[in-house]
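One structure below.
First chain written, first letter: the chains are A, B, C and D, and each begins at residue 1.
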Amino acid sequence: MNDLIKKLIMLVITLLLVSAAAFITFQIIPGDPVTAALGTDYTEEAAEQMREALGLNRSLPERFFSWLWGAVRGDFGTSMQYHQPVSALIGDRLAVTLWLAVLSMLFVIVVSIPLGILAARFSGRAADRVITLLSQIAMAVPPFFLGILLTLVFGIVLSWFTPGGYVSLEQDPAGFFSYLIWPAAAVAIPKIAMTVKFLRSSVIRQMRLDYVRTARSKGNKESAVLLRHVLKNALIPVVTFLGMAAADVLAGSIIVEQVFGLPGIGRLLVVSISNRDYAVVQAIILYIAFAVVVINFLVDLLYQRLDPRVRLN
Amino acid sequence: MRRLTAILMTGMILAAAVLSGCAGGRQEEPSDGIIVGITQDLDSLDPHKAVAAGTKEVLYNIFEGLVKPDKDGNLVPAVAESYEISPDGTEYTFVLRDGVKFHNGDAVTAEDVIYSLKRCAGLLTPADPEVVVEEALSVISDVVKVDESTIRVILDEPNTELIGYFTCSIIPENYEEQDTNPVGTGPYCFESYTPLTSLVMTKNEEYYGEGEAQIDRVTFRISANTDAAFMELMAGSIDIFPYLTQEQASQLESQYTILEGSMNLVQALFLNHDAEPFDDPLVRQALCYATDRQAVIDMVAGGRGHIIGSNMFPSFSLYYDSELETYYDYNIERAKELLAEAGYPDGFSFTITVPSNYQFHVETAQVLAEQYRQIGVGAEIQLIEWSSWLEDVYQGREYEATIVGLDAQLVPSDILKRYCSDASNNFLNYENEEFDRIFEAAVTTTDEEEKVLYYRQLQQILTEDAAAVYIQDPALLVAVNPDLGGYTFYPVYVQDMASIYYLDE
Amino acid sequence: MESDKKDSLLSVRNLSVSFPAKRGNYDPARADAVSSREEAGQDCGRKNVVNQVSFAVGPGEIVGIVGESGSGKSMTALALMGLLPEGAARGADELCFDGRDLARLSDREYRELKGSRMAMIFQEPMTSLNPVYTVGKQTEEMLRLHTDCGAQERRQRTIQAFKEAGLSDPERVMDQYPHQLSGGQRQRVMIAMAMICEPALLIADEPTTALDVTVQARILGLIKQLNRDHGTAVLFISHDLGVIRQLCSRVLVMYQGRIVEQGSIRDIFEHPREEYTRTLLDAVPGLHKRSPVSGREGERERLLLVENLSVAYEGNRRGLFGGRPRTEAVKKISFEVYRGEILGLVGESGCGKSTTAKAVAGLIGGYEGKIVTGDGQAAASLRPQMVFQDPYGSLNPSKRIGWILEESLKMRGMKRGVDRVARVKEMLREVGLDVEYASRYPRDLSGGQRQRVAIAAALIAEPKLLILDEPVSALDVTVQSQILNLLLRLRERHGLSYLFISHDINVVYQICDRVCVMYRGEIVETAQTMRLAKCPEHEYTKRLLNDVPDA
Amino acid sequence: MEKKNINHRLGQILVCAVVLFVLIGCFYTPYDPNEMNAGLVNAGPSLTHPFGTDQFGRDVLSRVMKGAGTTFFVGLCTVAIGAAAGILLGALTGYYGGLFDEILMRVNDGLASFPSILLALVIVSISGPGTYQLILALGVLFIPSFARVVRSEYILQKQMDYVKNAKLMGVSDARILFVHILPNTGTILRSALTIGFNNAVLAEAGMSYLSLGVQPPDASLGRMLSEAQSYLFSAPWSALAPGILIVLTVLGFGLLNERGE
């Protein structure tokens, strides 16, 4: 109980610090939002008027606390670029990013766990060498180029999907998911490669431990040794790794969203940064911090499920 | 071991199945309507708040002003049936067209028009701070209703060129949802907008004029960047895409009809006259001579583009002085002489600041930098974000040289006004008393011939002064689905969808 | 050989285990660590780690295998169980167990045999149990693999086995994880697990080495009892001659992969025929080996005085605002060390003896009490140096021996490199190492050599007091005796005083002048070594001395 | 046995080849990498231009040689900044622990949990694009990962007896930290360095794609690859050369690391 309260307090402090840092950072960035908004129609009076309307003429702490209070109530202000409430704007983008994250993590888990075990089981043999080499190559391709290659091969040459043919979930769920598969693959491939590598070495490390010998001495089959005894132990460090990967995709895959034209959080962030749309940027950073904290919390929980040494100490 | 292998295999097959399951799911193009690709997200749906040219060209289909430009650059009546300018140039009287309706079904009243004009001119109290006040319209002192179908605009000072600004959109008075659900009078009605994704518009069935739309539904799809859009073009999922690069156009020739128009921009290397050594006209002229414009056009635009010699582009056919195009012919020797004369026999180096989002200008900068090496001038390229460019270069005027393209309203004064010494947007810090004087005369005169003469003089002054290194009016390359016809180029920045039709229908 | 194949449970003839030999030195002591992924190296033939071994185990018999590290005793056991690491190859003229030829069994038949007819327990019960499953589940797994019992019956039998293995409250233990149990409990779980299917043969590979003496005694008792009750034959592997003597009826002595001698306990221990066996027996520490110089009373000049020393560790913070719980590792102990004396500090793991050593050395701040020299100065003036148990960890692996020794000289301000090198050479010779070792890395040295270097590194700082924290515990018995002799010699020559910490009473007997017995953070008894051995006063001391197996 | 290290050997060969290529590029390129040639725009591979020319008629081979140098420079500097600061922080926090450690590690975790490209984006938007800004941004970003690796290694190492021995000899803390312990973190550090270098190369490419990286006309592998995407159909060779070089570089270092397991 005490532990939970401590965690919650830490959580709030983390969020508070991140939001303050984000807020201050974007106040000192060169590039005035008003100038950006007015563009070539800039005049002093218009700028002054706009500043007042946006409350930009108040002091920094004043602005921070009024923003924070709004954030607590779910009001992140209005986007200067889109003239929409930030919460609504982010809410819509979030669905895309979340589904992208879910789908790509699904790929990662479904593909990398069998591959990692396979590589470890046959470590040093041809199957392992091939898997390792392939994952190294997958990690060596710059993410944006991977996206372009996928588009090129599957979108244009093979015509398995229509590049840019994104449709929203409400509009056409089937179309939404069949399009999302490709960006999800682009997100997942490097992560699959990393997870395979990680899981492989984790399994190999575990295989050297004494309890494996005990399991064999009991008359277990090799597959049972691997799946029943080793896997659960080997997955423990992988969980942390997967948690980091999940946090990463939840934060918006900036480049992949760009390449595949997905209206997700990452693209909104890039657009908002270049437009100096503070309200949106701050809210997104807060969201990312929140996502990271939640993921860490979940990883903690899962960790406890998997590892009694953590749970019972 | 066999069991383990079996489990692993099952996993792999499952993964493969999930991945390939989508293979059949290719989405057929929605048959209702066409898709137009754009690469910039819209900055506002309220036409009076939108700033970006990329937004205005889309909203052109939804909104109309009292007058609107046609494809030849003339202003034709739209919401107004006719107009009249008082001889002294201080009063504009508009007669409104009968039976024009907003998309929400309400008829356009004189009150709506007065509201719209006042909103644009910043005369409403309290003013909506986000409305961008058109500076030129600030000479309006009042807009009054004469009768139910006539309104009069009263100016503080005479201005005979203001009619070009009455293209500002007419919107219903007291309508609150312009930001999210815009209502106008144009040939297309707004249907929906999803940030970062698309804007959909449908045909306005009750459009008054002949310019009625042919296509029922138009989707403006927002691509992340030109390269992503190009991929989509290659896959055939976009019907119309303007602003292709030459390279892209040549790759799309088999699938699309490639149309060539003009961007109607003055692309130039703008020099800061307050920064050394560009305060010396000799240096500026030297750069002009050292610029091989044709090579630039060949290199960045595949030879498509129109060389310009001053701050005006050919679409202003009446005022445009084509002789200036050859004023500074490529001549390295001359450039070197001028440099030596200015006291830089060994050249100098400077920085070209270019907004990074304009690939075209970035590439031009690279070519220029390479050309200036021939006369011993080193040019370093600094890419900055558009918003920083606006702030540092355009507002702050802290730069040495920059490359951008300047666009203009359909009014010659709009394009030349920035060279007046006191103009707020004179980011070149150009100063020439003679220019100021002639400009004043040009704007106030009502005599059309005199006006033409004045404007040509102004262009000449700029060229002789080498105010900037004028390069080209870039070609506008548009990919159009071969099934479509009617794509029309305008001398202003618009995408007119009403003119598009299916060829086989 | 001696036993007829027909009456023996297990008979082995000419068993060999070989590994692919690597270029460079192959360290058989580390063969256990080699598994699926071997280090880079080239195949150049194979090297035998077990060479033509023949022996037999009769039903219900307890046979010991004794030998030093690298003698191949563990490999022999693993070869019998079919648990050899990847890359190892087994060859034998005969490998007969329970009337079946192990070499001819299919994988499946061998698996069915393992756990049910022959079972094995290992040295480290902590790492040998799977950390993520309850011990109950792990024990039940045996039944699941080898019987058709239902869940209910499995649970009952597991509880029964736990009870038999001497675990109190077996129901609760069922649902506990290995890390929640003590070392002794874990080994009992391992034994319960191995015995649950009532195997004909139990192979025990150093099952008590990681345990305290008192716990060891109980585990040995348990094995003996199970052997009696169930008639299970035991093949007991140990480096500890005392343990073997106490438990086994017959013993095999292994050296460098071969059996050098085998016979009954009495024959081997009382009339060893082979040279190696004699060396081994001679090396065993104990009272009988006390050198004449030991035990002198001599000058009684007090070198170090420790008074009311208490050391507490702070645990992790409880909650955000809660304090840190304090655990007292050492509680108000007092002792003194005289000049030229070896003071032993003996006790079981966790009794606070290492903490005391670190406090005296000055590695722990924040203690309460007094640690001063005999004339009241700070203990640091004695320049105390330490020699640690693990010779692998106490030498910086990335530095050459010479550098390590020189470092101390540099710190003491010896500027000229030649002087330092000369001193280092001198020191190496003094600890019995060739001077060329100066240019080697610790990884190139054997455990005994490393411990010599560690001693040299301590001595080169010219301390008045040397603190030896289990300096010979990680060493083989023959090496152990060499190091102990070296320590005695060095004390003579330099007039040093030692604070000698050990869990091994026999070592303490052999070397110390006086002994402090520590138990749960307190010194329960301090006495002259001979007196302690003859008439211990404190209850705990009595128990401790009683449980020590005597070779 | 021979097969065992085939991947590692491949890594060695690749790294050597790429480094050689870059070194040559520092001193000699067949053409001036920035020299334009209007007559040879997007020319295919030929004897005179083995990798063809780009959209300005520049020789792709020369640009790749120069660009690989720039990319390596960015990678090395980034890693140097990240490693230097990371080692210092990691060593101090790991060795001393305490409140300082706790605070710093919390900040560290916070930073590390954000996607790196996002932070680079923010830093570059503040400082403006450019090679040095990019190096600074990425370098700062890499500090947390190095600090974390070094810290955990120091926590392990400081409990080793040789450290206690050093203390008893009277060795100063600074010397213990950097002379005694640091060499023992070598294995882990080496793999962290190669991973860091690879990440820097990939991040450079990503930042170039968002046009926040190296500025034209200078070439870098990422920038060239990013520029080449418009010509994938008409001039695929302009993507091929930088693409292959990036993959080979990262692959080489990645494989080199494999032995570390």
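The working rule: contacts are C-beta pairs under 8 Å (C-beta built on N, C-alpha and C of every residue); 3 or more make two chains touch, one makes a residue touch a chain.
Every value quoted in this text rests on a predicted model; they were computed, and no experiment measured them.
Trainee: Quick one: which chains contact chain A and chain D both?
Mentor: Chains touching both chain A and chain D: B, C.
Trainee: Among the chains, which is located farthest from chain A on the basis of C-alpha centroids?
Mentor: Centre of mass proxy via C-alpha means gives C as farthest from chain A.
Trainee: Among the chains in this structure, which pair is joined by the largest number of C-beta pairs in contact?
Mentor: A-B
Trainee: CA centre of chain C versus CA centre of chain D: separation in Å?
Mentor: 47
Trainee: Could you give the separation in Å between the centres of chain B and chain D, each centre being the mean of its C-alpha atoms?
Mentor: Computed value for the inter-centroid distance: 41 Å.
Trainee: Could you give the separation in Å between the centres of chain B and chain C, each centre being the mean of its C-alpha atoms?
Mentor: 84
Trainee: Multi-chain contacts only, two chains or more: what residues does chain C have there?
Mentor: Where chain C meets two or more other chains at a single residue, that happens at 37.
Trainee: Provide the list of chain B residues touching at least two other chains, using ranges where the numbers run on.
Mentor: 227, 234, 357, 385, 388
Trainee: Residues of chain D that touch two or more other chains: which are they?
Mentor: 4, 125, 128, 229, 261
Trainee: Would you please name all pairs of chains that touch?
Mentor: A-B, A-C, A-D, B-D, C-D
Trainee: Spell out the part of chain C that touches chain D in their complex, as residue ranges.
Mentor: Checking each residue of chain C against chain D gives 20, 37-38, 40-43, 358, 361-363, 384-386, 388, 390, 393-399, 404, 407-408, 411-412, 454, 457-458, 461.
Trainee: Inside the complex, what are the residues of chain B that reach chain D?
Mentor: 226-227, 230, 234, 245, 247-248, 250-251, 295, 298-299, 356-357, 362-363, 365-367, 369-370, 381-385, 388
Trainee: Show me the residue ranges of chain A that touch chain D in the complex, using the header's touch definition.
Mentor: That would be residues 14, 17-18, 25, 28-31, 124-126, 129, 132-133, 136-137, 139-145, 148, 152, 201, 204, 244, 247-248, 251-252, 254-255, 258, 269-270, 273-274, 288-289, 292, 296 of chain A.
Trainee: Using the touch rule from the top, collect the residues of chain A that touch chain B in their complex.
Mentor: It is residues 30-33, 35-43, 46, 49-50, 52-54, 81-84, 89, 92-93, 106-107, 110-111, 113-115, 117-118, 121, 148, 151-152, 155-156, 159-168, 172, 174-175, 177-179, 181-182, 185, 221-223, 226-227, 257-261, 263, 267-268, 271, 274-276 of chain A that touch chain B.
Trainee: In the complex of these two chains, what residues of chain D are touching chain B?
Mentor: Touch residues, chain D against chain B: 34-36, 38, 41-42, 55-57, 125, 128-130, 211-212, 215-217, 229-231, 233-234.
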